[in-house]
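The structures come next, written out as structure tokens.
Two complexes come next, and they have one chain in common, subunit A, joined by subunit B in the first and subunit C in the second.
This part shows the complex of A and B:
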């Protein structure tokens, strides 16, 4: 893609004292490719499935144009693709991988073992509905499937945040206190394939943010004879799982540190590493969601504010680790919360979405709890249109004034009868 | 259909003063790079004056099919806030400008992600712009465009349809001329000096910036009032089912052998259409066998006639037909309907052949067989086979 400003040759990590931050018109996928270049990734594995394949194309272009040097391995399928980066990571490579929808699911054995091995693979999940039926649009169930495995999981809102989260992902995932894989959710189409203005940081700034990857004595190397993943059975497994649990607990603090440093260096990232609040200061009710659905909701909120309604938005940036304390602190201020799930969890409590039930669970022991209403919306990438936002507003208001009973707390929005 | 109308009503209120939405309607694959370049350049030119913007293709169009109508969008806004209402969308319901980079698209567009042919001006707001690249006059273009429901301005940018491909960009300056035309039509959003400055950054070719100037100067503009245009195009509607009316298990009705799906019409992909000379046809079945879309029906006399509603205009039938000029591919803009033609040939050979010659530009009777037959004594058999067998010389 064409750079707006000067075309500075970039070859991996070497810095250029004259380099300045540049501006590009780039898709979320292209922004991720820039992050791969800036992070000086050693190995990336690829297998095409849309919308993730936008990253493949953008990275291939950077390589072809001589701007990036990375071992780019095209696999025979997603399972091999994720296995390749897992192994490369074990021998000390900084790695990148990604997929979408059922492609992500085809890689699932590799995805599960990567977290068990504590290998900090960074992946994007270009969110796509799970086939069948064939559908390219965005649903979050693909990425959400890693939620119990020990993967960190975050969702970006813009192309800029995609780049910023990717750089943060390597920093946090590779940190010895965490050493876990990180998945970044990118809403298919709206983020992966929409071109926006993105600031591309300098190599020098990225190098000062992102240390070299160092596995220490866990490096698989002839000079460091180790065996990875022997059979353990019941004798060792609980202790191993407990280590993962501890690492995930540590991740909250490490993300906070990384966020502070990122903000100092690049001036972006908002006030809170986990939540992005919009017009919440005096809000009585708020919506809560992940990814790009914040954009139409912000338009709706500005409109409702003009009519005098005290309404705001809380966008959840990190789903794993779940920022329970921040969620409780934030949401306790409101009368009601309308959780918008771009996912489903058939047969779950109250037939709500995944996010809805996580939020309710987080609030259970809070001294002061808002009413929580659930909305299943925008599945298959359906757009959030303004009438849908108004319907959700009315239902959340009704909940705030106690008009909705517990049997009436989850709603499907915008479904043809 | 109903939800499209509602969606439109809901978004009409939404049209923001602080932004402009421009769509580019193009032929899938063949013109993808062109459409993308125009959309990106609109945003990048706007950056020069501090505006912001976004550019995106219609996700449902892809993976694109050759020639199937597709869309790309550019939104420019005075600031991030104004841009937000245009983000996270597949397709803006209302646009200020529609740029059509192949004039045959004015007959209406039907992408494979849509439900029926739509007038080209369908998403254009009242008093908006339809910009067409064409060698034809605005009146000729309008004659093939659906009758307007709202007033708009038709602008014709002189030039043939550019087939700037997916992988290789054929730089014939269509993008620069279109950008120049935009600078003339919506100067508050696209300024000629910004466009030319951008072009000079992108290419060393001095003539490129001149092409933008040419687009600015040579574009022909015509106001279109409601009712102007043709009422000849088919209106096709499809009602999407609801969750209570669909069968479980993701099942839709299929057709029995021999039946055609009334919703599956792909002529919107066509820039050329085949016309058949039934006099020289030797009934060899090649066209019928090789047409990828099973467009041919066997007539009562064993000829093969094209069902134009199904024909995508790929030209394979004309390529495989063994008889010279028996199937000729003709500019789609010469036709105003999709009617079958064999019935006319059957009822009036001469009228049909005159029509064939006018459309195809080749003689209907290359060997003068009909003339000789007319001179010959009664009873002398006229074997159309003779006329055809030597037809490839």
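This part shows the complex of A and C:
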């Protein structure tokens, strides 16, 4: 028997030539755990909070069953959790971490500096309302809080997309042109704990997609005695911030590249890396949102289509970097856009959600722009029910025909009086 | 880019230092920092890496030894160094040690011993970072040392009181005034004692002082040699925070130990050994000096009335006369239970080769 790969540095978990892609019934959390196994993650840190911790439970089981070799550290809190992986990353480990809701905020100091340090930590945020009052359900304000920090941020719709995004996150985040942390939003309960059929790729395919993690001359090691993050003060901070800005700009191209390669290897990922459009070809009005709310909205759109309404859906996959050009190109085709926020920004312009104001801002300088209506819906884990979808449809139609005034552009949906 | 090993690297061999002449010549913490004149904490940093050698990664949490110590383009660190957050020294040590361990196990990094030391100040360690340090000391699979340099206040941010600030001391959060002479009346938290009693699987916990340099360097070396998660706490006189002339830093370090306010000891695999003058005082070979000799040398106690000095002295006396082990275990047992005390009966004590300076 001859070995022809002896000169090629091995990376990734061991491959099995007979392995084939398999179908598995998995929750979003379990799908992410499979991605952790396939990516040959080196260090992960766990701390309990619902609903993200399903992924840590699934990963623990994989380790206990000998399916993967990961340094699995149960931390004393989210702050330590994120600090542990940050430092493990600095010595060259591929890392994974995550949290939810107020836990995500407990880690926030560590989350902020991880981006400043340009360390490609991959984290999931199992979206959960920010207590108080207590609520376990899905709300996007937790993950959205990283939007100004230099984290890449995407939202998965299905368990399959959770796995696919996780593999993409390591590839994009660890790319030298980017070198930034990546957060993946998973809607609490709706995605973290709902089972779906997931295609589990082979180790060989993942190894060819995901290169070896290499920090290069930024590795913290006695053979490379660098000083990381000294005091720079007013002297150098702006220059460093601008480098991080360039990295975030680069990310748009790197995500596109990764999306193309992912599609070539795995045959999934849709036409556009940033947007997923549904029934938009001849649409006059569209809804726009993130995560799993596309599922009830697709049901509503099919119904409305049967009634003859030209309505569609644009689902935003990446929030950071914000795909401004793609958004402008896509939304300029429609008369009105109903932006559905599963979050809120108190006191913001027009008292809208975060996504609503980002979309409006992106469209401001567009030569042709649709009317934008905002909806605050499904906070705290509420579902979007069909009557709510119909109400949003009627309001968006009214906006398209000019019936709404500028003071009447954001609406809370399904709120008891 | 592949990282090539440095030519000057030395193998990991950290024997106990037998005296000043035996101290390594190499300096791994050099000029470039801007700590105050007479800064004892900077001396701790120097001794720390002198003892650990070049195959060391240092993680520094926010505090004097970050802000005043590590300026862009003028780093004093010859060894690899990385900043960590104020309360994250424990997590930084753990994450770094775990990363190195798994990468070596998987063959992604050359398998060798690399020392991991995370340091924190008294604010970052005894206040904010207490939980993370405590957690780290229970993770016995990872080799890392947490060093707490204690200058008894948040000295970098303007001298605010911490849980390590001594009773009655003036800080900017506890000034003396016309109505209140003492704003701060809490006794200093027994940090190394708490770490030693609370983490039975940590193989090494010690309290030291840079005024006893060889003793301190040997404690660093023993911590790294024994492995697992370990903890060393140093008391560092601070001219700015304690309000005295910088030339007296070493002298105040000596006085802190000689008055019995600070005790030198090490706990090796659960066996406690007093070291240096602390041992001599405990054995009765040396008389404990009155605390007033220490207090009167520092501006932070200059507002003390006689009764404050008396209270201070009485509390230190209690520590020496009533604690199970002075400076370490802050309680005792009733006479009827004297038989319950366990004495290490091994013929050759674990500390046999330990040199007391």
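Quick notes on this one:
Keep this in mind: the second predicted complex is superposed on the first by the 405 of 417 C-alpha atoms of A that agree within 3 Å, B and C clash if a C-alpha of one lies under 4 Å from a C-alpha of the other, contacts with A are read in each partner's own complex, and residues count from 1 in each chain.
Throughout what follows, contacts are C-beta pairs under 8 Å (C-beta built on N, C-alpha and C of every residue); 3 or more make two chains touch, one makes a residue touch a chain.
As the structure is a computational prediction, the values presented were derived from the model and not from experiment.
Bringing the complexes onto one copy of subunit A puts subunit B beside subunit C with no clash.
Between subunit B and subunit C, the partner in contact with more residues of subunit A is C.
In the superposition on chain A, A:267 contacts neither subunit B nor subunit C. In the superposed model, A:79 lies in contact with subunit C only, and not with subunit B. When the two structures are aligned on the shared chain, A:88 is found in touch with subunit C, with no touch to subunit B.
Taking the C-alpha centre of subunit A as the vertex, the lines to the centres of subunit B and subunit C open to an angle of 90 degrees, rounded to the nearest 10. Contacts of A:308 after superposition: neither subunit B nor subunit C is touched.
Once the two complexes are overlaid on the shared chain, A:298 sits against subunit B while remaining clear of subunit C. For the pair subunit B and subunit C, the minimum alpha-carbon spacing after aligning on chain A is 26 Å.
Listing the residues of subunit A that touch subunit C in their complex gives 10, 40, 42-43, 45, 69-71, 73, 75-77, 79-81, 83-93, 95, 109-110, 113, 212, 216-217, 219-233, 235-236. Listing the residues of subunit B that touch subunit A in their complex gives 3, 6-7, 10-11, 13-14, 40, 43-44, 47, 52-57, 59-60, 62-63, 81, 84-85, 87-90, 202, 240-244, 250. For subunit A in complex with subunit B, the touching residues are 1-2, 4, 23, 25, 27, 50-51, 132-133, 136-137, 187-190, 193-197, 292-293, 295-296, 298-299, 302, 381, 383-387, 415-417.
On the side of subunit C, the complex with subunit A involves touching residues 1, 3-6, 9, 54-57, 59, 66-67, 70-72, 75, 77-85, 87-88, 90-92, 94-96, 98-103, 105-109, 114, 131-132, 134-135, 139.
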